[in-house]
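Below, chain A partners chain B and then partners chain C, in two separate complexes.
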Partner chain A sequence: MMEVVGKFLRSLTQQPWGLWWIQARRLIRIEVRRNLFTWKAGWVYFLAFIPTLIILIHLSVDRHPAFAISEDTSVLAGIVQLYYIRLGVFFGCLGIFSRLIRGEMIERSLHFYLLSPVRREVLLLSKFVAGCISAVLLFGSAIAADFALMYAGFGAAGTDYVFNGPGLGQLESYLAIIVLACLGYGAIFLLLSMMFRNPTPAAMLVLGWEAINPVLPSLLQKLSVASYLRHLMPVSVSAHGIFALLTVETEPVSAWAAALGLLLLIIAVLFYACYRVRTLEIRYTTD
Partner chain B sequence: MNDQIIFENVSKFYGEVLGVNRISLSIPPGITTLVGPNGSGKTTLMNLMTGLVQPSSGRISVMGLSPVNAPELFCILGYCAQFDSFPRGITGWQFIFDSLMLHGMSEAEAVELTIESLERVQLGDAAGRKIAGYSKGMRQKVRLAQAIAHHPRVLVLDEPLNGLDPMARAESIALFQELGRQGMHLLISSHILDEVDRISDRVVLIAGGYLVAEGSIQQVRHEVREKPMQVLIRCDRPALLAAKMFSVNHCVEARLHADGKGVFLRTGDIDQFYSMLNGIAAEGLVKMESVAPADDDASAIYQYLIGSSGGTS
Partner chain C sequence: MSVYKHIYRAYDGKVTPVWTRVFVLARYGFAEAWSSKITIGLFTLCLLPPIVFLIGIYLANNSIARALMGGLDPQGLPINARFFLILLEVQSWFALALTSWIAPRLITFDLADNALPILLSHPISRFGYVLGKLIALLASLSVVTWTPCLLLFAYQSYSSPLPWAAANLQIAAGLLAGELIWIAFLSILGLAVSSWVKWRVAATGAIFAAVFVPAGVGGIVTGVLRTKWGFLLNIPFMMTSLWQRLLGAPESARANFYLPTGAIVATLVLACFICAAMLNARIRAREVVRG
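For the complex of A and B:
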């Protein structure tokens, strides 16, 4: 057993990590440029910043008495849980991560990458990291802007809430949730885009699964991105009617266990995606 | 390291559709032309040797490397595929520079090689423009530049003359000849047979996914024994020569050359034919200037073996 482990470790150290790192950095730079600085990315900007625009209008139109801070805190938590996680990040990641492999097959340009001296796993993981950086930059800055605008109208009370109260801690949690959401949905959509010619119907099934997940048995709840993220929310969202379904918490889980569980899910999905990319064929006419 | 490209009993099926079937080939360095009608399996063969598709059965080795070993294979191989598409919003310069950077080289080295390859295909002036605004010929050139930029030892070119104007074609052919002379492996598929024919060391004919013939053009033509060979004889009395050859039963067809100073003769037994021709020359009745085979080019072989005329420029 020790011999097998030793052999494995030796083979790991013999891999060209330096070259992979250089290749990954270059690939990430190319992909981030394409994800963020093209006209086609416009709708992802729209998804990320539409709540920011609404909060900006709210800031300039409504009065902000100090006692309304807790109400606005709940509204912000609702925006994160019900809009960003369920819709904004979900569809944003669908657009960004589907383009990485499937989009290039549609544009008939994926073969240029496959004809370069890059291991396919390095290519896939670099594209995934580039997608994550793009999504986190967009949605992370949108959440930060939402947060700043939400408390800007409260003046000294808002400043006190952010810097001396629970404000910064909540912002950290929201950012961590966004990062995990981008990683989780990103991995799933990257895999779906490799499995299906049109990943959108499969993504709609994922959306449906995420919606009904809170009422499923606890074992099935573990196969969901949103269910892990719900446990990391710093502020619980009370909802009524149909929205109540999206906020049900059936089985309390610690934040660390939730984050670890989600990371394990992401690793498993990426592992399978790497396996699939090794046998990926370029057949544009049939794809 | 093995210097051959080897296909060992390679088959590829796309579901139930045959791509290529039981291809066994060994291609030495030099210029090899892949000839066959549309859908014959030329691109499949190229995609198989570059790992873009995997064989259903059989084994492929490129200079001793397996096509699945991309990090090593693409250091020695460049592939100019026929797909006329590029990453969105990219300039000619970025396209080549980015691909070179993926080799792990320094920026200075990548810049130097980018300039060199763009100049080799005479695209230096348009390098800063977006590829989307290029003409078809320019896009073909930039793909070729990208394929040769890292100085590969094997160059695979799928229809590299498509879309090029006559001047650019001549330049590309001269470049292929130069690369071939440098000892590089060049595998070219093309429909413009009368042009690639002139520079090919070997020809591989495929039809319907099957290997029909391979070897030097003369070798392949010689093997097609059931088809009479045509010989052009430049002489002062072509009609008399034709009559004499018919009289000894070694001719199946004769046709006077348009200028009246030669005759095309077709024979089923080339060895006997040349022997008889020597005899006639020795008699001194006909003064012969030259004797040359008239149908041992790729186009004629294509016509004999595959049954259509193939493309021409």
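For the complex of A and C:
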């Protein structure tokens, strides 16, 4: 047993990690530039920063009495849970990560990458990392801006809430949630874009699954990105109306367990994606 | 290139009436939309809920069948405006799925392959082109929306032991009007979004996003600015309110979130104008050559 492990570790150290690192860095740089600094990426900026614009209007138009802090905190939690996770990050990642492989196929440029002396796993993981960097930068900065603008209007009370109260802890949680959401949805959409010529119908099924997930049994709730993220929310947003009656309350899971569960899900999806990319074939006539 | 032959003359035979030309495009569009196996699969899926509702109507009106099912309570299956509202909502969301699949097939191929200059060089206007595609999409959506709804209404009228249809004509009118408004809106939205997104793959997602993302933004407006008018961006909420009023079903929204019907109609009309402007900007006989 020890001999097998030793052999495996020896083979790991013999791999050209330096070369892969250089190749990965180049690929990431190309993809990040394409994801963030082109006119075509404008819609992702819209998805990320439209709440910021609305909060900016709120800051400049509405009055901010100190007793409204708790209400605004709930509103911010609702924005993160119901807008960013369910819609903004979902559709943003769908666009960013579907384009990484399927977009290259549609543009008929993926074969340039596949013909170059780069391992396919390095190519896939570099593209995934680039997508994650783009999504996290956009949505993370949007969340930070939302948070800052939401409490800026409260003056000293807002500053006190952020720096001496639970504010900074909440911001950390929101950023962690956004990072995990980008990683989770990113991995799923990257895989879907490799499995299907049109990944959108499958993505819509994922959207539907995520929407009905709170009413499913607790075992099925584990097969969802949003369910893990719900456990990380610093402020809970309760469901209203009939949805509240149908919602199945699962046992509270610790933040570490939820994060670890989601990371394991992401790793499993990426492993399968790496397995699939080894046998990926392009037929431009049908794609 | 020099043209040496000067014997060509304009065609002076019988010309097809202008108004029928759009149907050529509609016919080809219809054929294109239904050439996909996924369209057939989605269509089949869309017809499953009406079958379930048909069984519901049968059970509600047949005491023997209820007895065989273990003595179901007839009051447990009320066939009223609420029953048909649920049917209308289910079919409408299936129609959205069908639109997101069909609309990009109708328009993105022409745009991506730079086929519009060739198509519009035929004796057909840009308006005629859009109308042809719109007819193809409307016809496809009609099959899964108001047609099964009205058939179920007719079946309920036939199978009810008591006179039912005359007292509930508002439901039939509401079903027809509600679904026609919805499919007209979906069709123009689907074509407009498809005309702006080059890839069919992306267009499918963009149509869904065009319905759900404004709903989220509207929710943020309502939550942050403490105003009910944010719901005017929430298409699912707006349409549900409109359908409830058309069918005479009880309103599910809270009183402080009540939206006037005029505001809902004005928002839908404005959205249609924006979509028409988007189509006007994109549907042009020009070829984009990059390189």
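The working rule: the second predicted complex is superposed on the first by the 278 of 287 C-alpha atoms of A that agree within 3 Å, B and C clash if a C-alpha of one lies under 4 Å from a C-alpha of the other, contacts with A are read in each partner's own complex, and residues count from 1 in each chain.
Keep in mind that, in the parts below, a residue touches a chain if its C-beta (ideal position, glycine included) is under 8 Å from a C-beta of that chain, and two chains touch if they have at least 3 such contacts.
Since we're looking at a predicted model, the values are computed, not measured.
Asker: Under the stated touch criterion, which partner chain does A:K222 make contact with: chain B (first), chain C (second), both, or neither?
Answerer: Once the two structures are laid over each other on A, A:K222 reaches no partner at all.
Asker: With the two complexes superposed on chain A, say which partner A:H111 touches: chain B (first), chain C (second), both, or neither.
Answerer: first
Asker: Applying the touch criterion given at the start, work out whether A:R276 contacts chain B, chain C, both or neither, answering first, second, both or neither.
Answerer: neither
Asker: Between chain B (first) and chain C (second), which, if any, makes contact with A:I79: first, second, both or neither?
Answerer: second
Asker: Touching A:R119, do we find chain B (first), chain C (second), both, or neither?
Answerer: first
Asker: State whether A:D62 touches chain B only (first), chain C only (second), both chains, or neither.
Answerer: second
Asker: Which partner does A:S98 contact after superposing on A: first (chain B), second (chain C), both, neither?
Answerer: second
Asker: For A:T38, using the defined touch cut-off, is the partner it touches chain B, chain C, both, or neither? Pick first, second, both or neither.
Answerer: first
Asker: Is A:I30 contacted by the first partner chain B, the second partner chain C, both or neither?
Answerer: First partner only, chain B.
Asker: If you lay the two complexes on top of each other, which residues of chain A touch chain B in one and chain C in the other?
Answerer: none
Asker: Report the residues of chain B in contact with chain A in the complex, numbered from low to high.
Answerer: Touch list, chain B to chain A: 14, 47, 50-54, 68, 70-75, 79, 81, 83, 85-89, 98-99, 101-104, 146.
Asker: Please give the residue numbers of chain C that touch chain A in the complex, ascending.
Answerer: Those in contact with chain A are residues 38, 97, 100-101, 199-202, 204-205, 208-209, 212-213, 215-217, 219-221, 223-226, 252.
Asker: Help me check something: in the complex, which residues belonging to chain A touch chain C?
Answerer: Residues 47, 50-51, 54-55, 57-58, 61-62, 75, 78-79, 82-83, 86-88, 91, 94-95, 98-99, 102-103, 106, 197-201, 203-204, 207, 241 of chain A touch chain C in their complex.
Asker: Which residues, counting only chain A, touch chain B once they are in their complex?
Answerer: Answer in residue numbers: 16, 19, 22-23, 26-27, 30, 34, 38, 40, 104, 107-109, 111-112, 114-120, 278-279, 281-284, 286.
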